[in-house]
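Just so it is clear, A, B and C label the chains in written order, and each chain counts residues from 1 on its own.
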Amino acid sequence: MILSPEILTIYILDGLFIVFATVAFFLSISIIKSWDYNATTQLQYSLEKRSYLASTIIKYMFFIKLPFFLFFIFTLEKISLILPGAMCGAGVVNANEYATILLFLKLINLYLFAYWIVLDTEDMKYEEQPYLKQKFIIFTVMFLFLIVEISLEYKTFYSIDINNVVDCCGTIFSLTDNTYLSKILSLPPWILLSLFYFNFLLLVISALYRYSYSFATLNLLFILISLLSLISYFGTYIYELPTHHCPFCLLQYEYNYMGYFLYTILFIGTFNGLVIGFIKFDKQEVILKYKVSLLLNFIYLVVVTLYPLLYYFKNGVLL
Amino acid sequence: MIKLINVSKIYDKNVIALNNINLKFKEGETIILKGVSGSGKSTILSLIAGLVKPTTGSVLIDKKKISKIPDHFASSFRQEHIGFIFQKYNLINNLSVEENILLPLLPLNLKKIEHQKRVQEVLELFNIEEKRFALVKNLSGGQQQRCAIARANINNPKIILADEPTANLDEKLSLEFIEILKNLKSQQKTIIIATHDPLFFELDFVDRIIQVKNGEIIYDIES
Amino acid sequence: MKLQNIWFVVLATKINFYLLEYSLKYISRYKYKNIFIVLIMSTLVALLASTFFLSNAMKSEYNKLISNYPDIVVTNQQALRDTTINENSSYKILEIKGVSNVIPRVWGEYYFLNANKKFTILGKDEYEMYSNPLLNENLNLTKDSMVVSLNVKRILEDSYYDDYFNFIKADGNVKKMLITSVLEKSTLINGELLIIMNKESAKEIFEYSKNEVTDFGVSVANKNEIPFIAAKIKTIFPSAKITLKEDLKVHYENIYNLRSGFFLTVFIISFFTFFIIIYDKATGLNSEQRHEIGILKALGWRVGDVLNTKLYEGIIISLLSYILGIGLAFIYVYVMKAPYLKKIFLNNYSLISNYNINFSIDYETLALLFFLSVPIYIAATIIPSWRVATLEADEVMR
């Protein structure tokens, strides 16, 4: 086990999260059990107060988790320097079976928490608080996910063994293995590319006609297709190396930390799109969300397309 | 239109503040709640302001059940429609007059110009413009009172509630206060004053006097 | 789209600057209590930051030192104890593809009884190029002359050896070596007790036979191939000890991490205590402050508004303490060169016993310190803030 200060910090904050999330969990349970909007009892008034505490705790956790996630990525990159064989975060993530799940789980939890906050804000706009019970039921699920995430985090860092040589991203994302990933990556580029652009076209159409469910679903697809096309095609133009298929190396200094920018706008854009499918917003809100989602996804599309285009203009050929 | 329907308020330790009260106030009325301290008149004011919730019964203002709605709505409602003048003014001593007056507006995130406009209005209206930047702790009793009244009016509320407003004032300042009340009444505001100062019982612009004792209404006279 | 709207969509919150201003004024109205908190917290942050800064400085100095080491050191062993190796077998290593250079090194330690000190003797031929530039200078090493570092010169002078020194060999005979020059600059090697002499003389002092050397320093062209080349060397010399430069790095990184970890634990304990104090005091449950909150609620402030104000307060105080703490640590470590703390970090196990603390900003350490201070402080204020914000205004006003 590596016990660097960074990992200790992660453990400490995780511990804090567990404590507070548990408090919020028990609050949620009591609210789900006994909330009765029409009651005028002391219990109801105290439940109302408790819902403020739970909501504050969840917001606090989200706003810390967000920069903390970046810190987590930094820590992975730092560990990759000590771990023999790893040259970027990908090697660390691949070092044991938990780490990949952990990464995805962290992302999912960020989405879930952000969704909860949006739901909460919507809920507070109306006197009847239509989403009250719903949001706390959702939180109990989120609590489970959070516990799993934190346990995985403890386990992952605990079991990183610096004596084990790990694969570098060249091996993980290679095209010659027999994994699903390599099968997808070795598809001719035009398939993924046309899916990518077509998906965006559909996004624009759904936004124009305000089809909220299809917009949300298309956003979900957009995340997947963007990531796949990034690893398979666009990434290679950022690295200017046709065999470099790693999603982590983008986060490094040599590539101007472009990875952070791309991932951030992709996640915020698709989050806003997704959330439209789950919550019924009023007209002004929803139009804003459509706009933001389209705008950010568009920026992502443009930036990512620019790389091969610029490469072509500079060099006259494509990779 | 303010209605209290079958309202009781029992605090911890089984202190009965109000016992099954029924009241109706019309818009534009000026009402005096008469009674000694502990009679429950302050509780009635707190209930109307939405500061406390009744143990049983409901409080309605313009058909809105403010005793039922969640706290953040009740607070918004209070902020918009009710101006409260406290017994001890409850100004923040280390802030200036202007800062005190602006307090109710801060959560609304209005533009600064709007703030300036409204502050200017009430400063002029209640005659404390020259003390705008002075700290409250350096003001005289009368000036503090005018500051408190200005603060209660910054939002142009429909309902003014005053709890023992003249308890710490001499006769001259009390009379000044009554003049201001007359002014407010002429703006069609509903004014409810909880007091046991006899100065109020003889006034001509008072519409009703309600005697409260031990949490119950003893009488309710139109004057 | 207004900036506020975009901010709202991105982070689902709007910052109310009026409330922020109110919090600032609130903090300055209760000056003494807040100054007390800021002082304690910044001291804690400064202590922790100092240990990290110091540790980082040592790490970077160490890395500089290590960068001049050969990538692989091959040491012969007999009965698992270090022993000498025959110079001629170096060709076997040179034959391995990817090896750029093999230096047969002659070096060791010599114990000077009078001063109870161990000198490091490095035997060097004129033409040999080391990665450490200081060792490549034209030192004019003749058969009986040596170059010593400053510390050695002083120690020898204390024992009245001014121009020369008598090494006592294993057989009891003496080898006299003239001191021709002194290394002024720091070479960062072994406590700065370095003596450089010609290889033959060193061999004579160590009683090595003609072809014996201490070890081989192997340089590899492509750093990624080091593990593979090391494996190959192992097959050629099964009984040899192969030390990789990387291993040294990792080893020392772990030691420094352990030390930092220790301080971190101390810090946690103190912060925990602090946490408990804050929990009670920070958001003000004294009657004056509760009264103020009651007034605000009576004026129409919602629970959310009061909570936000308290949270802003917490953020301002913790952020201020963080920045102050970092500032103090910067001054303590980089300007004052960390007296007292430095002694705790140095001991005989460090390869470096005296080093420079060079100014460098490590963003990750700053982020780490941030996460250890600000979120924890805010966490301590959540429940007290909530309690205050959900007070019944009515009770407070009576």
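Observations
Assume a contact is a pair of C-beta atoms (placed from the backbone, for glycine too) under 8 Å apart; a residue touches a chain by one contact, two chains touch by 3 or more.
The structure presented is a predicted model; accordingly, all values stated were derived computationally and were not measured.
Closest to the middle of the protein, by Cα centroid, lies chain A.
In this assembly, the chain whose C-alpha centre lies farthest from chain B is C.
For the pairs A-C and A-B, the larger set of C-beta contacts lies at A-C. Put simply, the C-alpha centre of chain B and that of chain C have 64 angstrom between them.
Centre-to-centre separation between chain A and chain C, using Cα means, comes to 34 Å. Once the centre of each chain is set as its mean CA position, chain A and chain B turn out to be 51 Å apart. Residues of chain A found to touch two or more other chains are 49, 124.
Shared interface positions of chain C, i.e. residues touching 2 or more other chains, are given as 303-304. In chain B, the residues touching two or more other chains are 71-72.
Residues of chain A touching chain C in their complex: 2-6, 8-9, 12-13, 16, 20, 49, 52-53, 56-57, 59-60, 63-64, 67-68, 71, 74, 78, 82, 84, 114, 117-118, 121, 124, 162, 165, 268, 272, 288-289, 291-292.
Interface residues of chain A facing chain B in the complex, by the touch rule stated above, are 38, 40, 45, 48-49, 124, 127, 129. Note for the complex: chain C touches chain B at residues 14, 16-19, 22, 25, 29, 291-292, 294-305, 392-394, 397-398.
Residue ranges on chain C touching chain A, taken from their complex, read 1, 5-6, 9-13, 52, 227, 246, 250, 253-254, 257-258, 260-261, 264, 268, 303-304, 307, 311, 364-365, 367-368, 371-372, 375-376, 378-379, 382-383, 385-386, 389-390. Of all the residues in chain B, the ones that touch chain A in their complex are 53-56, 58, 67-73.
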